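The same subunit A turns up in both complexes below, where it pairs with subunit B and then with subunit C.
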Partner chain A sequence: MQRRRRLDPLPYLLVAPVAIFIVGLALVPAVFTIVQSFYTVDELDPPTRLSGFHNFIQLWHNSSVLTSAANTGFYVLVGVALSTVLGIGMAVTLQRSFRGRSVVIAILILPWALPGVVEGILWTGIFDPNVGLLNNLVATLHLGSGNAVLLGHNRLLTITLIELVQVWQITPLSALLILAALQLIPGELYEAAEIDGAGPWRSFASVTLPLARAGIAVAVVQAVIATLNVFDQPYVLNGAALTGSSVTEQTYFISFQNLNFGQGYALSLLITVVTLVISLGVVRFIYKKVEL
Partner chain B sequence: MNRHRRWARTVGIVLIVIWSIVPIYWAAKASVQTESDARARPAQYVPLHPTLKNFTNLLTGNGDLATSIRRSMINIIVECAAATIVTVVLATLAAYAFARMRFRGRTVLFYAVLATMAFPAYTTLIPLYRIMSDFGLVNTYTGIVLVYVSGFLPLGTWVLHNYFASLPASIEEAGVIDGASRVQVLWYVLLPLARPGIISTALITFLFAWAQFLFPLVLSSDLSTQPLTVTIAALQGRHVVPTTLLSAAGILAIAIPAVIALAFNRYIVNGLLAGSTK
Partner chain C sequence: MTTRRLSTTPTRTAVIAALSGAALLLAACGGGSGSGSGGSSKTRGASITVALASDPPPASTLAAFTKQTGIKVKWVNIDWDSLQTKISAAATAKTYFADATDVDWSRVGQLQKLGWFYPMEDYVNTASLKSDMPQLASFTVNGHVVGIPYDASYMVTTVNKKMFGQAGIKTMPTTINQYTSDLKQLQAKGIAKHPLNIPFAAAEGLSTYWYETTNAFGGGVLDSNDKPLFSTPGSPGYKAAQWMVSAMRSGLVPPGNINVTDSQGESTLMAKGLVASTFSDYSGLVGALYNDKSQSTVAGDVVYLPTPGVNGTAANLSNPDGIGIPKQAKYPKAAAEFIKWFTSANTQEQFSGLQGAGKAWSAFTLASHLSAVQKLATSGGLAGGQQLAQLLKTSKPVFPHGAPIWYPKFSNAVYTNLHAAATGSLSVDQAIKAISNAAKSLSSGS
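So, the complex of A and B:
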C-alpha cells in the first residue's frame, strides 16, 4: 500500500495572507456590489429591502446620470484616441537607442507617477483665465486679449481639456507598453522594407503598426479602464458641474452625498460590466483584425 | 539613419520633454513667486524675484491651512510607507509559493488573485466603505492601509511571481542538498536574486498609494488620517487660497513621487512592463 503523503502546510501558510486579503477585501465586496444592486440600501429610507431592478430604473430616469454617461463616453473617445496616438508617436521616437534615451524615458514617465488630483491643480495653472500659461501665451503673442475662460466655457471644450489632463497622466504607460512591443521587432524587417523601396511612412504602416499590435492592445485597454472610471480630474477641475461630470463622480455623489447606496451599487456594477465588455472587445478586435 | 529621420527624432524628443515638463514648470514657477508677480501682465515666464515665502508659510506657519498641509503630509507618508511594506512582504511570500511550489488549489487561488486585477478599483468602493464603517475603521490608518494593500497585492504578487518563475529550478535543489530548509533558501538565495523585482514592486506600490484620491476621500476625510491629495483638492475650490500658495502645496505633493520616478525609472519601467504584458 502506498503511503499517503502528508499535506505540506508551508505553501498554504505563505499564500494565506494574500488569500485572506483578496477574499475579504476584493471578492466579498465585489459580490456585495452585485447583490446589493438589487436592494434598496438608502440611509434616508431604511430598512434594506429587495427591490429588483428599481435602482437601475431610477438611474435611467436620473438626468444627471445620463448626462454624465454621455460625458464619460466622450472622455473615453478623446482619451483613448489621444493617448494611443501620442503613445505610438513617443514609442516610435524612442524606438532606436541613442545616447540619453534613458533620461528621456525618465522624464516621459514623470506625469504617470504623479497623483491625478495634483495634476488637475498643475493644469489649472495652464488653463486659468488670469494666471494661466495658455492665456498668457495668447497675450504675449498678441493673438488676443488673453483672458479667455477655457474650463466651463462650453461642454465640449471643458470635457476635452479635462481629458487632456488625464491623457497627460496615462500616455506614459501607453508609450512604454508600445515601446516594449517595438523593441521586439527585428531590425532586418526594416532593412527588407527599405530594400523593397518602402519609405518611412510605408515601413511604419506595414512593419511597425502590425507588429506592435499586442502592445497597442494592452495600451488601449489600460486607457479604456482609466477613462471609463475617470474621477480625479473632473472632480478637481470642474467640481460637481454637469458640464464635465463623469459616471464615477455620480456614483460618489449618489452614495456619499445622497446616501443612496443601492443606486451607487447599481451604477458601479454597470460601470464595471461596461469596462470589462469593452476591454475584452478591444483585445479581440485588434487581434482578429490583424490575423484576417 | 539618414538626416531626415535624425531631425524628426530630435523634434520628437523635444516635444516629449516639453509636454512632460511644462505643467510642472509653470506650477513650480508660481510657487516661488509673490501673488502679484504671478498675476502680472505681461507674464513673467521665469520668476524675476524668486522667493521661498510660500514654502516657509506652509512648512512653518501657524494658520489652519499650514497645519492641515503638514498633518496630511505626515499622514500620506505613514500610509504609503505602511501599505508598501505590508504589500511587498505578503506579495513576496505568496509569489514565492505560487512560482516555486506545487500544492493543491494553487492554480485556482492564483487565478482568483489575478482575476481581481481585471475589475476597475472603484467596483468595491461602496462595499469597502461599509465594511470599514462596520468595523469602526473609517478615519483610521489601519482602515486605509488595509484597503490599499488589498488593492495593490494582486499586481505585486503577479510581478514578483514572474521574477521568481524566471529563476532556474536548480537553485532550490542545490540549497536543499546542502541541508538548508526551504525558508532558508527563500531568505538567503531567492530573495537576493529577486531583489530587482522586489524594489520595482515596492516603488510602484508606493507611487500608486501616493496617487490615491477617491478611496481616502471616502475612507479618511478627517484631518487625523487625511492624505495630502485630499487636503489639496479641498483647497482648490476655495478661491481664498492664493494661486501661488496652492502651487507651492502642489509642488510639495509631487516632490517625493517625482524624485522617485526620476531616480528609479529603470526599476519602475521594468516593473510596469513585467506587470502588464505576458
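So, the complex of A and C:
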C-alpha cells in the first residue's frame, strides 16, 4: 500500500503573510467595491440599501460622466499611440551603447519620476495665456500676439495639450520597458539580417519589432492603465471643467464631493472592467513569448 | 545529528494561516474606532493632532500653549483639497486622523447633517463669542455650531488706486455701473489692456465670485427653502452672471482668465499690475500679498473698496475658515482647549503681530475677533485696517440660513456652467437654467 505523502506546511506558511496581505489590500477591497456598487451608499441619504443597477443607470444619465468618458477615450487613444511610438523610437536610439548613454537614460526618466501634480503645475506655467513661457516665446519670435488661450476654450485643443503633458510623463517608462526587451535580442540576428541584405528599416521591421513584442505589450498595458486613470494633469491644468475632465476626476467628485460612494464604486468598477478588457486585448494581440 | 523539523499537521497549518489571515485582514481593513467613540476626556498630558491647510504658528506660541495647558500639539499641514478628502474619508471609515481640523464655511450644512463633528457649544461658550465674532453665524446650523472661525475672510473689492488715478479717476466708484464705466475708461486710456480680474477657471473661486457679485446686484442666491433666486432675467443672480460673462467677452477681463483660479489671478495679475481691480477679492490680501514687495510689483498701490452695488455700496459676504473637532478625535476635550486658545482674541492678536514679530504667524490673514481687528487697525499694523474693521462688522453669510447639505454639488454646477458660458459653449441663459435646475433638483431631494 502506498503511503500517503505528508503535506509540508512550511512553504505555505512562508507565503501566507504576503498572500494574505495581497488579499487584504487588493482582493478584499475589490470584492467590496463590486458588492457596494450595487448598493446605495450615500452619506447624505442613509441608510445603505440594495439598489441593483441604479448606480450604473444614474451614471449613464450623468452628462458630466459621459463627456468625461469621451475625453478619457481620447486620452487613451492618443496617449497609448504616442507613448508607444515615441517609446519605441527612444528605445531603439538607446539600444546601442554610446558615450553618455547612462546620463541620457537618467535624464529621460526624470518626467516619469516627477509626481503628476508637480508636472501639472509646471505645464500650467508653460501654457499660461497671460504670463506663460509658450506665449512669451511666440511673442519674442514675433510669431503671434503671445496671449493665446491654450487651455479651456477649445475642447479638442485642451484635451490634446493635457494628453501631451501625460505622454511626456509616461513615455520614459514605455521606453525603458521596450529597451529592456531590445537588450535581449542577440546582435547575431542583426548581423545575419545584414548579410541577407536587410537594410536598417528591414532589420527594424523583421528583427526588432517582432522580438520586442513582449516589451511593447507591457508598455502598452501600462500606458492604457495610466491614460484610463489620468487625474492629476486634467485636474491641475483645467480644473473641473468638462472641456478636459476625465472619468477618474468624476469618480473623485461623485465620491468625495457629493459623498455618493455607491455611484463612485460603480464608476470605479466600470473603469476597472474597461482597463481589464483593453489590457487583455493588448496581451492577446501583441504579446508573444519569444524564445531566443 | 538529527535535524528537528517543524512538525505541523495540515489542520494546525490551516488554523495558523486562518488566524494570521484574519489578523492581517483586520489590520488592513479595520482601524475604525467606532462612530463617535467619545474619546478621552484627558487634557493635561494629552498629545493632539491638529490638521489644517497651512504652516504651523510660531513654535514659541505653541510652546506657550503646552506650558499653560500641558497639551502637546502635533501640527499637520495638508493642502486644502486633500484635507477635505481626508475629512470625508476618515469620517466615512470612522477612523481617527486628527483631534482638531478645518471646517469650511461651505460644508457647514453638510457636516452638521452628517454629524461628523462635535457641536462646539458643548465645549465652548459660543453665545458669548457672537458679538465679537460676526462670522460665527456662518458656522451655525439649526442652533449647532460646527466650528469656530479662526480667520475673518470675507469678499471685498480691491482696486489699484494708482492705475485708476492714471486714467483720471479721482473718485472711487460706489455703484456697479460707475465701476464698469471706470474699468472701460482704464481700458480706453490704455492703462490696462484688460483691467478686471475674474477667475473663470472651473473651481470654487468662480462660485464665490458670483455670490459676491449677486449680492452686489442686490440679491441672494437661495431662499430660505434653498430654492434658486436667480432663475429670471431680472434677478440679481442672473444679472451678475450676465455682467461677469459680458466682461469676459468684451475684453474687460484678460482672455486667459478662462483658466485662472482665484489665487492665480491675485498673484500673477493683480499683484503684478496687469489688472486694475478684482471685484470679489479676499480681505487681508492688501497686507498679505499686494504690499509684499517680494511677491508684488504694486506695493502701496492697491486699496480696499467698499463693494459697489446697484444704488450704493453693498455688504460683503463672508467665507471664513473654521476649526472643529471630528467625532473620531482621541482627545476631544484637549482639542477643545486648543480651539479656545487658538481662536481667542489674545492669540489672534499675537498671530497678527500685535505682541511682537516673534509671535506673528505669516499664514494668518485677518483675526476673526472684531476687537482684535480694531486693535490692529488702531495700531496701524494692518493695511486698510480701519476699512477692514468696518467691513467686517457688516459682513454676512453667503447663505443666511446656513449652507445647504448639497452645497458641493451646487457649487460644482455653478462653476462648471459659468465657466462654460465664459468659453461661449453655453449662453448665459443656458448656464443659469442649468444651475437653477441643479438647485431645484437638489433642494427637492432628487
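FYI, the second predicted complex is superposed on the first by the 261 of 292 C-alpha atoms of A that agree within 3 Å, B and C clash if a C-alpha of one lies under 4 Å from a C-alpha of the other, contacts with A are read in each partner's own complex, and residues count from 1 in each chain.
Heads up, the rule we're going with is that contacts are C-beta pairs under 8 Å (C-beta built on N, C-alpha and C of every residue); 3 or more make two chains touch, one makes a residue touch a chain.
Computed from a prediction, not measured in an experiment: that's the story for all the values here.
In the superposition on chain A, contact of A:261 is made with both subunit B and subunit C.
In the superposed model, B is the one of subunit B and subunit C that contacts more residues of subunit A. Of the two partner chains placed by the overlay, neither subunit B nor subunit C lies in contact with A:192. Residue contacts after overlaying the shared chain place A:25 against subunit B and subunit C alike.
Shared-chain residue A:238: touches subunit C; no touch with subunit B. By the touch criterion defined above, A:184 reaches neither subunit B nor subunit C. Contacts of A:152 after superposition on the shared chain: subunit C is touched, whereas subunit B is not.
Judged by the touch definition given at the top, the superposed model places A:130 against both subunit B and subunit C. By the document's definition of touching, of the two partners only subunit C reaches A:43; subunit B does not.
By the touch criterion stated above, A:277 is placed in contact with neither subunit B nor subunit C. On subunit A, the surface patch touched by subunit B in one complex and by subunit C in the other comprises residues 7, 10, 12, 17, 21, 23-25, 28-29, 128, 130-131, 239, 252, 256, 261.
Of all residues in subunit C, only 6, 8, 10, 12-13, 16-17, 20-21, 24-25, 27-29, 84-85, 88-89, 92, 110, 113-114, 200-203, 254-261, 268-269, 272, 274, 405-406, 408-409, 412, 415-416, 419-420, 423-425 touch subunit A in the complex they form. The touching residues of subunit B, when paired with subunit A in their complex, are 1, 4-5, 9, 12-13, 16-17, 19-24, 26-27, 30, 38-39, 41-43, 45, 90-91, 93-94, 96-98, 101, 103-104, 106, 109, 112-113, 116, 118-131, 146-147, 149-151, 153-154, 157, 182-183, 207, 210-214, 217-218, 229-230, 232-233, 236-237, 243, 246-247, 250, 253-254, 257-258, 260-262, 265-266, 268-269, 272-273, 276-277.
On the subunit A side of its complex with subunit B, the touching residues are 7-8, 10-12, 14-15, 17-19, 21-30, 32-33, 36, 89-90, 92-93, 96, 98, 102, 104-126, 128, 130-131, 133, 136, 139-140, 146, 168, 172-173, 176-177, 180, 200, 214-215, 218, 222, 225, 228-229, 231-232, 235-236, 239, 248, 251-252, 255-256, 261, 264-265, 268-269, 271-272, 275-276, 279. For subunit A in complex with subunit C, the residues that touch the partner chain are 7, 9-10, 12-13, 16-17, 20-21, 23-25, 28-29, 43-44, 64, 128-131, 147, 149, 151-153, 155, 237-243, 252-253, 256-259, 261.
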